[in-house]
Each structure stands twice: as C-alpha cells, then as structure tokens.
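One chain, subunit A, appears in both complexes that follow, with subunit B as partner in the first and subunit C in the second.
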Partner chain A sequence: MNWLAEQFAALSPAVQATLWTVLIAMAAATSSALLGSYLVLRRMGLVGDAISHAVLPGLVVGFLMSGTRELWPMLLGAAIAGLAMTYLAEWLRRHAQVEAGGALGVVFTSFFALGVILINLYASQVDLDPGCVLYGALGTSALDTIRILGLDVPRSFLSLGAVALLDLAFVAVFWKELKISSFDPALATTLGISAIVMNYLLMGSVAVTVVAGFEAVGSILIIAMLIVPGATAHLFTDRLATMLVTAVLVGWIAAAGGCLLAVHFDTSEAGMISVVAGAEFALAALAAPRYGIAARILRGFAFAFRIVQEDVLARLYRLEEGVAVRDAGALAMHRPAAERLARIYLRARRQLTRAAGGWALTERGRARAQALVRSHRLWEGYLSEQLRLPLDHLHEAAHRMEHYMTPQFAEKVEERLVQRDADPHGRRIPPQPSP
Partner chain B sequence: MSRPGDIQTPPAVELHDLTVAYHKKPVLWDIDLAIPEGEMVGIIGPNGAGKSTLIKAVLGLVPAATGWVRVFGESYASRRREVGYVPQRESVDWDFPVSALDVVLMGTYGRLGWCRRPGAAERKQALGALERVGMQDFARRQISQLSGGQQQRVFLARALAQNARLYLMDEPFAGVDAATETAIVNVLRDLKQQGRTLLVVHHDLQTVEGYFDRVVLVNLRLVAAGPTREVFTRDNLLATYGGRLTILDQAAETVRRFEDWLPQTGAEPPHSAARAAAPQRLLSPPGAPPPAQPQHGAAPQAARRPPGENHALP
Partner chain C sequence: MPFLEYNTAIVLGGTTLLGFASGVIGVLGLLRRRALLGDALAHATLPGICLAFLLFGRQFGALLFGALVTGIAGVALVALLSRYTRIKEDANIGIVLSVFFGGGLALSTYIQKNSVDAAQAGINGFILGRTAGMVQADLIFICTAAVAVCFVVLLFYKEFKLLCFDPDFAAVEGWPVVRLDFLLMLLLAVTVVIGLPAVGIVLMVAMLIVPPAAARFWVAGLAPMMWLAGAFGALTGAAGSLTSTYAADLPAGPVIVLCGSALFLISLLFAPRRGILARARDRRRWRKRRAIRGFLRILYEASEAALPERAALPIADLLGRFPGRAREAEALVAHAARAGWLERAESEERAALRRSAPRAAAAAEGDDAVRLTAAGLQKAAEAARIHRLWQHYLRTSAHIDRDIVDPDAEEIESILPRAVLAQLEEDLKNAGTLPGGGAPVRALAGLPRELAT
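Here is the complex of A and B:
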C-alpha cells in the first residue's frame, strides 16, 4: 500500500488528477451498471430517467436541512424523493387513468421543476450549481480531496465507492429476491417475496446511485451509465450473473475510455463517457455472437447459399431420373453467379464432379439430393391428401418446404400419407438415403 | 362440494361471498365455492369471465372487495408454503437471462426464506422436477431457446419443485403441442394420485370430461360447481357461454364510477342494482373480519344460484 502510495505521489499532479477522474467515473459506472441491468431486464429504462430527475428536490431539501454539502443527507433526501415519485406515478396510473409512461412523465417533470425552483429561491444559501447537476463536474470533483493513508483522495471517490459497495451488497444479499421479482413478480409475491417491496427497494437504491453519480456525469448522462451497460450486456449473455459482470465491465470501459478521450480532446468527460458507452452498444448490436445484426445477416447469407446448393443438386437428380426436363429449366431460378459459386463449393465438398458436357452428382451429392427430392414429393403428397390442394398449388409450396425438412420430419409426414410410393403427379418418392 | 363424512377436514380452498374488483370495477361477483382436498378441478368459462382472477384472488394477488378466502381453513399468508402456482406462460419475459434450471429453482425460493440461496439439495430437487416433465436434457438451456410447450413444462417443473399440497394453474395447456399436453396431464394425474389438490384454469371444452373430476363454471359469477358428470351439462354451458350479462357489466361500471368518485354517465344507470350488490365495500372498511364460523360440507352447488339476468343480482 505504501509502495503504491509512493509511486502515485511520484506522478505529476496532472496525471494524478486524470487517474482520479478515471477512478471516480469507474466507481460511478460500477453501481449504475449493476442496478441499471435490473432496470433493463424489467423494461423500466425510462424509470431510471424519471428518478434521476425527480431526486432533485430531495437533494435540495436534504442540503438545506443539513446546511452542509455532506453527501449523506442529500442521498437520504434523494431516496425519499425517488420513492415518492415512484409511488405517485403508480397512484396516478391506477386512479387517474393516465397510462404508465404519461404518469411517469407528469410526476418526474413536476418534481424536477420543483427542484429547480427551490435552487433558484435559495440560491444564496445553496451551493448547488444547476449546470453541475445537469452535466456533472468530474474534472473539478477530483480536486476536492481529503488526506487518507498518506494519499490525497477525492471526496467524491470515497462517496461513490461507498455507494458502489452498498449496491454490490444489495445485489448480493437480495440476489434471489431481485431475480425472481424481476422475472416473475406474481410468483414472487405468492411465495412471500413481495414484488412491490422489492420494487421500492430497487427504486430507492437507484435514487441513491443516481445522486451519487450526479457529481460524476450529471442527471442527464447518468441515464447512459444506467441503461447502456445493461442493454449491451444483455446482447451478449444469457445468465444473470454474467450479464451483471459484463455490464460492469462495459461501464468501466466507457468510464475509463471516456475520461482519457476527454482529456485528450479537452472536452466534457460526461459527454465522452456517454459517447464511448453508445459506441460499445452499437458494436455489440452489430457483432454480438447470437443476437447481433452481423451474426444474423451471416446466418441469412448461409441459409440463402444452402438453398442455392440444394436447388443445384435437386435439379441434377431430376435430370438423372429423366423426369420433366422442362421442370428443371423452370427451377433455374438463381443468379448464374450464385449457382456457379454453389457448384464450385459443392465440388470442393465432393458432392459434384465434372462430367462430359457438364456436371454430375457424386455418391454423396446424390444422397443429399435424394433426401431433398424425397422431402419435396412427400410434402406435395401431404398437401394434396390432407389439405386437398389442387395439383397446380403443390410444387411451389413443396419447393420452399423441402429446405426446412429434417429426415425425422419427412418420416412423420410419410406415416400420414395414404399413397407413399409416388407423389400426386405420379413421380416416384425415393426412400431416405442410407447415411 | 365436499363429501358427506369429512366435515372436520376443511376444504382445500374455500371462497365465501367473494367479489373481486380490478381498479374498483367488479369482475367476479359474490362467489361461494368450496374445493375438497385431493381433487382435480377445472375452472371453465369464456374469455374475460374471470377465471384467472379467481385463482389470483385465492393467491392474494388481487384483493377481495368483499368476502374472504380460506386455504386449508386458514388465510393464504399462513399457508403459502403449501400452495404452488403456475402463472400463464405469457405473463413473463422469456428473454430473461436465466436457464431452465434457474427457473425451476425459483420454486424452492419460498421455502428458503429471505436472503438464503438455494444449495445442493435444492438443485437436486429442481433437476428431479425437470426429469419428471421430461426436460432434464434442457436444464442448462437459456429459456428463450425453448419451444412454447417446453417453456410450459419448465413452469410445471417449477411448481413441482414447490412440492405443494394445493396447485393453482392458469391455462397450463394453452398453446402447447399434443405431446406436451399428454406429458402435463400425466404429471397432474400423478399429483392427484398423491392426494394433492389441483385447480386448473382450462379453455378446451373437448377435454374437460377426460381431465377433471370436478368443474367450476364461471362467467363473472359462479354458474355451477360440482362433479363433472352432474354439472358439465348443456344447460350450464349455455348459461356460462351464452354471452356476457349486460346488467352485470353495467353494474360493474357504475360501481367503478362511484368508487372512483367519478360522475355517472347517466346512460342507463342501474343505480339500485349497484348499491344493492356492493354495499359492504362502501359501508365497511376493507379487510373487516370474516364471519366467525365458515360453513363446510354443502351439497353440490350446481345451479345453487340459477343463471340468468334476473337472478344474478340479489
């Protein structure tokens, strides 16, 4: 510890200040990412926004009553204001027939306005700067220090660190209660874990977290720190614990990256943190392995390419059978380039081979094509027998369906058919090829 | 609904003069009902008839405007460990980041109490529950990757992990494939064999007689309740499904406007009906103590209150 302190003291004051700024932002990111993840899962993102504004009057009253800029009276005031806002919005929704979003909008803007008026009325006594509340003052808060263990530690790092530990303890102690009341509030309540109590506990913690975070990033951009890490982590993970850890990491990257970039470009830390967080989300939405846009586009391409391959194989199979050459012509429905690519690929996979005057199926290719043609004709039979569709309605539907049918499903279809050896057009239904 | 001779055992569920209101608007009127222990009972009625509301009222999820609920002769709160609940599948967000096993483990949370985590014993029990519904291979699967039928089985496994004496199930057969329906019915019959009581909201009239010993027919009010053979009749079904009772709808709206201190619309105010039907709520505080000695052992309640608009209100 002493060694670390000495090393730290050896750094230049500017570097020290920057490091503290980063640490303060990371502490704020820890608590807001943890609680924000639950807001995301409960689809209550806007509630975080509402609370972050509604706490303002509580903050001012807490300040006026204690007469100091000590954090704890203000946190208490904020928690009370946040809970009051939550309760009033719920009451309005129930009794004044205002929809949930409208009720929230009415209540939190009124609370915020009340806070602004209070600040203006008692401006002489209140050392609260509305600009600081809105946008935060990360850079300057690193300079307000207190000496601990031979180190000049910023007060806001201590308070934010304490709130982060508090939130961590809250999540750890009420782990299963938070989980079940977020997933299935009705069941939670019947088991004796009141979803309403859990909701107010969470909202109170969010209010405290938000106020602690004001100093770092302000009341508007704290929303980004609450919601974006959770939303980003949700794209990556399908376990609650991993989601929370990932969200905190995302928050840390945003905090550290944002601060450093802000120093580099000499601009607002809060703004930069939000920009980095937004970029992280965009990247995740694009590149997340299962739910990301890129992964889905790739899967779409892969499926389209599989259809081209299968159509090439099935056409050759029908030519070999000698049925309906005209039909084979009608099936050439893909772009020539796509078909060429499919043939090259199939040749590499040893399903096609060069033959006199064109292409021929190999053993493997024939087996795959046979399964396809079998699925196609079984489905035509099913549509004709069970849905009583006319003959001219069968081909196109079966041509789509053949690409989705597994051997097991084809077998189930076959069991339901009366005429199992030939399709409604009289063409032979081949057996399932042996693997 | 209980048999003669077991007067001493309280019914698994007893509702007395229960009226339930959503946002002050009554959706179930003056229900009297007793479900004997060890039976598999279907709650039948059209959409919006108040079937789900009925079991939510038993669970204390919606407050009673008038009347009271007893579970094994006591309040729900003191018997909640003995009650399992299967909510409607659509009531939760299946994108929630948990595995099938996590969901089943939630069934053990009530027993564990606040702040204690499930341990090895609970995991073993949850895995056993998954096995009973044929889902053991899907324990680690994220729940959004399960089919609708598989999700419903996970919900059933969670209820099994609750190891309850009384099960309340909201549409466990809704939107499931035939294989899942059979699997679920088998589990329910097992539970009945073990002497558990099952109260199941059901919508498929075709299967009622095959599944349930007893039925409760509701449509805003209790139409009939009793052994399926006696109660599941054409006349009772006509009374249940023969359209909503417009007088009850109007009365409900009137009550809501009074209770919310809103002006009456004056369209056709059945004022006298509303005052007569819900006076307790207006005159006495909610949560007033129930009558001292509830009565059990009534005969089958088929047509106890003859259906029809003239009789639906006192």
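Here is the complex of A and C:
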C-alpha cells in the first residue's frame, strides 16, 4: 500500500489527475451499471432517463436549502424529486388515463424545465453551473481533493465510491427480492414480496446514483452509463449474476477508455465515455456469440446450407434408385452456386465422390441421404393415412418436414402407419441406416 | 418602445406556428405510442448539427439539415435494434439518445476548443433553446417547414387515422403501413428539427407530448384533438417566447415547457369529463346515490311487517338498522323528507305518552318517527326488490357469499338477462319475499327491458 502510494506520488501531477479522473468515472460506472442492468431487465430504460432529468429541481432545492455543495442534502433532494416523478407519472397513467410514455414525458420534462429555471433564477446564490449539471465536469472534480492516508483523494471519488458500495449492498441484500420482482412481479407478490416497494426502492437508488454521478458525467449522459452497460451485458448472457458482472466491466471499459480518449482528443470526458459505451454496445450487438446480429445471420446461413446439402444428397439417392427422375429434376430448386458449394463441402466431408461424368454418393453420404428419403416418405404416408390429404398435396409438405425429423421421430411415425414398406406413391420406404 | 418590437413579433409568430405544428404531429405520435421516440430523435440531432458546423460553418439551413439526417438515423437505429436484437425498445431509445448526444457533445467541445469562430454559441443555443438569436430568414424557414408539415398531415389524414387506431387492420387492408410509419417519423423529425432553435434538444419532446396529452382531457376523436392540441401548442409557444423575451436571463426552452405544463395542469384539474375534479364529483354523486338506495331499502324493511299499512318508523330504530354513522343517517332522513318520500309521524310510545300525559308529550321536541309516503313506498320497494334479486342471484347462481358484494350498488336490470331475472322474481315470489306484493316484473323508469336481454 505504502509502496503504491509512493509510486503514485512520484507521478507527474497531470498524470495523477488523469488517473483520478479515470477512477472517478469507474466508480460512477460501477453503481450505474449495477442498477441499470435491472432497469434494462424490467424494461424501464426510459424511467432511468426520466429520473436522470427529473432529479434536477430536487438537486437545486437541496443545494439552496443547505447553502453548500455538500453532497448529502443534494442527494436527499434528488432522491425525493426522482421518487416524486416516478409516483406522479404512475398516478397520471392510472387515475388520469394518460398513456404511459406520455405520462413519463409530461412529468420529467416539466421537472427538468423547472430545475433549469431555478438554476437560472438563483444563479447568483447557486454555485451550480447549468453546464456542469448537464454535461458533468470530470476534469475539474478530480482537482477538489481531501488528504487521506497521505494521499490527495478527490472528494467526488469518495462520494461516488460510497454510493457504489451502497448500491452493491442494496443489490446483495435484496438479491432474491430484486430478482423475483424483476422477472415475475406476480410471483413476487404471491410470495409476499411487495413488487411495488421493491420498485420504489430501486427508483430511489437510481435517483441517488444519478445525482452522485452528476459531477462525473452530467445529468444527460448518466443515462449512457445506466442503460448501455446493462443492455450490452444482456446481449452476452442469460444469467443475472453474470450479467451484472459483465455490465460493470463494460462500464469500466467505457469509463477508462472514454477518459483517455477525451484527454487525447482534448474534448468532453462525458461525451467520449458515452461514445465508447456506444461502441461497446455496437460491437456486442453485431458480434455477441448468441444474440448478436452476425451470429443470427450465420445461424441462418448454416441452416440454409444444411438444407442445400441434404437436398443435393437426396436427389442423388433418388437418381440411384432410378424411380423419380422427374421429381428429382423438380427438386433442383437452389441456386447453382449454392449447390456447387454444397457439393464441394460434401466431398470434403467424404459424403460425395467424383464419378464418371458426375457425382456419386459414398457410404456415409448414402446413409445420410437414406435417412432423409426415409423421413420424407414416412411423412407422406402419415399425411395420406392420418390426415387424408390427396396425393398431389403430399410432396411439398414432406419436402419441408424431412429436414426436421430425427430418427426417433421417424420411428414413431412409422409405428402409426398401416403401409410401412412403401409411400403413397408406391415408392419403397428405406430402413433406418445403421450408424 | 412599442409593446412588440418587429423582431419580437417575428419570434412570436415563429414559435406560435411551431407550437401548432408540433401539437398536431404530437397527437399522431402519442396515439401511435411513439411519444418518447421524439426524445431519442431530438437528442440524436446534436452530432448532425456539429458535423454540419464543421463542414459548412454557421449556416442555419445546413445545421438543420445535419440535424435532420442524424435524427432520422437515430430513430431508424432504434427501430433496427428493436427488430434484430433482444434489447427492447425502451432501452434502445435510451442507448441511441445517450450515445448520439454524447458523440455530439464530444464534437461540440472539440469545436469549442479548436474553432476560432465565435459562432460556437450557436450550437449551445440548440441545447436549451434560444429564441433571441434568430433572424428573419431563420424564421421564414421555420414557418415554411411548419406549414408544410401541417399540409402533409392534412393530405394523409385518413391514412394516419387508420395507422393510429388500427394498424393491423390497415396492414390487412393492404395499406403501406411501414411507409406510412416512415412518413410519420419524417414529419416528426422535421418538426423536432425546426423546434430545436427555439425549444432546444433536451426539452423538444415536451412540445410533442404535453399539448396532445392536455388536449386529450377535453376532447375525443382525432380531428378535434389535433385542432385543440395545435391550439394548445400555439398558445404554449407564444406565451413561452413572450416570457423569455421579457425575462432575458431565462433560456427559452424551459420557459416554453413550463407554460405547457401549466396548461396540462389546468386541463388535468378542470376538464369537464376526464379532469380529476369532474371524476371526483362523479364518484361522489355515485356514492350518494348508492347510499340513498341503501337507505330506501332499510326503510322498506322497517315498514315491511305492517304492509300494506304504512307503519310509523321510530327514528332511533332506523338509526340502529343503518350500518354507517348516525350523522349520515340523519342527513339521509332529511334528504328523503325533502324528496317527498317520508312524512312526519308519531311513534307508538309517543302516541301513548300523548294520550296519558299530553303536556309532557308536547314538551318533547320535534318528531321522533317518520312514515313512508305512497311515492316513497314505491321507491323503497323498488330498491328492496333490486337488492333481494341480486342477493338471491349471487347466492344461488354465482355462489358468492353475500357479505362480499354490496347489492345496493348494482343495477340488476342492466346486468342480468331477462329470463334469469324472471326466474329470480319467481323464486322470491314463491318465498313471499318479493317487494311490491308480488307485482309483475317491471322495468325501472328509463331503463328499457330490451337493454337487459
């Protein structure tokens, strides 16, 4: 510890300030990423946005009444304003039948407008710059220090760290309650956990967190720290604990990266933090392993490619049988390039070989094709016998279904058939190939 | 100095027209449940403004065009993210809003530090709104765009109406729903962008939400709502810009928004049918009507034993039967007397006292008993009949414990089918408890039987 402090003291003041800026932003990111994850899960992203605007008048009144820049009166005022906004919007929705989004919009814009006007009216008494409240002032807040353990620690780092610990404690203590009321409010209520109380507790914590983060990133961009990490983490995982940890990590990267980039380009820290957070989200949205857009597209391609392969194999099988040349021709429904690609792939997998003037099935390829044709004909039999579909309605349906039938399922279908050795067109139903 | 300087008059005209356009288009946004999308749109304009400034300098038209481009890009991104990822629309709005605005902020800070041009103030004015800096050319631009927006809404009125009230039906009928939605977004974007110089990015969404939400309290139906929201918007814009002109320290946006909030508050309180005062009055009336019915039933039950003779009912006895407070019961007695349902009477004790000691009886003040009048008996029998039919129904058909439901509150004729009602009356008649001496089923005054079936 001492060694660390000495090393730190040896750094140049500019580097020290930058480091502190990063640490402050990371502390803010910790608490907001934790709570923001719950907002994302509860589909209350816009409530977070609304609260971050609505706390402004509470902040100003708290400041005016205490007359100092002490954190606690401002926190209290902001928490009250945030809860009042939540309550009023809910009240408007219920008792005055204003649509939910509209109710939120009316209340939070009014609160915010009131806050801005209060700041302007009392500008002489309030040492509170609208710009600072709106956009934050990370760089300057790192300079306002207090001496602890031989180190000059910025006050805002202490307050943000305290709020982060508070939020961590809140999440830890109410872990079960928050989880149940987030995923299943009705179940929570039947278990005797008041979803309403949990909701207001969460809203209150969000309000406190938002105010504490004001100095770091400002009222407008705290929403980036609240929502973006949670949403990014939600793209990676389905487990709550993993999601919270991931969200905090995402928030830290945004905080550190944003601060450093802001120094590099000599621009606003808050702006760069949200840009970095946005870049992380964009990356996750594109490339997350399961829920990313690229993965989605790849899954779609893989699926389509499997169907092309299977159709190629099945056509060769039918040609070998020599019974369904006309049908087999009609089956050439994929693009030539796709079929060519499928043949190359199948050859590499040793399911096809080159034969005189064309292609032939190998043992493995024949087994796969046989299972497919078997599924196809069994399903035709099923549709004909059980659903009494006419003969010319069978092929299209079976041609789709064949790609989804497992051997076990095919066996179950076979059990229900009267005519098990041939399909309704009179073609032989091959047995399940031995593996 | 004249009351309105030329410049002020122009600003006033611009904000009024802007308010009208945003009120009209806001109605569509609110009904399509896209209210808060306007917030994302407004915030997403900032990077466009800054980029346009970097590329073209401070040209009003170029700045607004840049704003329009990134604003629409932001909204499109919200739609794409909601469609292709698992993240829900609310979070996507928050993400686009904060990231675009953050990017814009970084750009504007960069411009501030690196541009020799003092026109950076022009960008800051966009954030909270600043009407003072506008010149005539800017306002002509704003007015043209506002008129164009209103004109397009008029042109596509029928299509938008269908889109707002039944998009599925519109799709089934073959309307180009997606393209109409895009047109609506485009109109929203244009409105937001022309509103930015006056109201500012942060609060522009209020111009789209508050006037329509306020108008909803007064009227129903799309066309009246649009007109009223437009009028409210115009009023808000005018009042806000006048105030901020004469109190120059205040940024225009918040002042305009607070004017809108005041209008909303007035609507919320005083609107004739949907306002909360009107609702509270309706609730009070309903409670009173219910109390009167309950009391009438008690009067009938108290008189029932002596029927067809109308017995004198001692007031003390009535108070004992009444479940609520004595004060309420006394008020109800007074109300029934005024309505001509009760007449003064004498209890048997008092009559006996009068016979034995006339002087003592005369000394006792007031009446101690009442009696139903003929009209009152009819009313009371009706109330009791409804009560018993309903109670009987609930016990036999719905198996609901009679403690749970308050039978005085319900209009049985308007709820139950006629055949069920007849059966219930038959049951009560056989049990000898049908009020009105087993008279045939009658409708309550003003309630046609057909309604009940």
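Definition applied: the second predicted complex is superposed on the first by the 435 of 435 C-alpha atoms of A that agree within 3 Å, B and C clash if a C-alpha of one lies under 4 Å from a C-alpha of the other, contacts with A are read in each partner's own complex, and residues count from 1 in each chain.
The working rule: a residue touches a chain if its C-beta (ideal position, glycine included) is under 8 Å from a C-beta of that chain, and two chains touch if they have at least 3 such contacts.
Treat the numbers as computed from the prediction; the structure is a model and nothing was measured.
Asker: Comparing subunit C with subunit B, which touches more residues belonging to subunit A?
Answerer: It is C that touches the greater number of subunit A residues.
Asker: Should A:F265 be classified as contacting the first partner (subunit B), the second (subunit C), both, or neither?
Answerer: After superposing on A, A:F265 lies in contact with subunit C but is clear of subunit B.
Asker: Please work out whether A:R296 is in contact with subunit B alone, subunit C alone, both, or neither, and reply first, second, both or neither.
Answerer: A:R296: touches subunit C, not subunit B.
Asker: Quick one: is A:R43 in contact with subunit B, with subunit C, with both, or with neither? Answer first, second, both or neither.
Answerer: Both partners, subunit B and subunit C.
Asker: Touching A:H234, do we find subunit B (first), subunit C (second), both, or neither?
Answerer: both
Asker: So in the superposed three-chain picture, is A:T140 touching just subunit B, just subunit C, both, or none of them (first/second/both/neither)?
Answerer: Neither partner.
Asker: So in the superposed three-chain picture, is A:Q432 touching just subunit B, just subunit C, both, or none of them (first/second/both/neither)?
Answerer: Neither partner.
Asker: Which partner does A:H95 contact after superposing on A: first (subunit B), second (subunit C), both, neither?
Answerer: both
Asker: Touching A:L187 in the superposition: subunit B (first), subunit C (second), both, neither?
Answerer: Touch status of A:L187: first partner only.
Asker: Just subunit B (first), just subunit C (second), both, or neither: which does A:V173 touch?
Answerer: first
Asker: Find the residues of subunit A that appear in the contact set with subunit B and again in the contact set with subunit C.
Answerer: The answer is residues 43, 95, 234 of subunit A.
Asker: Given the complex with subunit A, which residues does subunit C contribute to the contact?
Answerer: Per the stated touch rule, the residues are 30, 33-36, 39, 43, 81, 84-88, 90-95, 97-110, 113-114, 127-128, 202-203, 205-206, 208-210, 212-213, 216-217, 249-251, 253-255, 257-258, 260-261, 264, 268, 274, 276, 279.
Asker: Could you list, by residue number, the parts of subunit A that touch subunit C in their complex?
Answerer: 39-40, 43-46, 48-49, 53, 92, 95-99, 101-106, 109-110, 112-114, 116-117, 120-121, 123, 130, 134-135, 220-221, 223-224, 226-228, 230-231, 234-235, 262, 265-268, 270-275, 277-278, 281, 285, 291-293, 296
Asker: Which stretch or stretches of subunit B touch subunit A in the complex?
Answerer: That would be residues 23, 56, 59-61, 77, 80, 83, 85, 87, 91-93, 95-99, 102-103, 106, 109-110, 112, 114-118, 142, 144, 158, 260 of subunit B.
Asker: Which bits of subunit A are touching subunit B when the two form their complex?
Answerer: 41, 43, 94-95, 173-177, 179-180, 182-184, 186-193, 234, 237-240, 242-243
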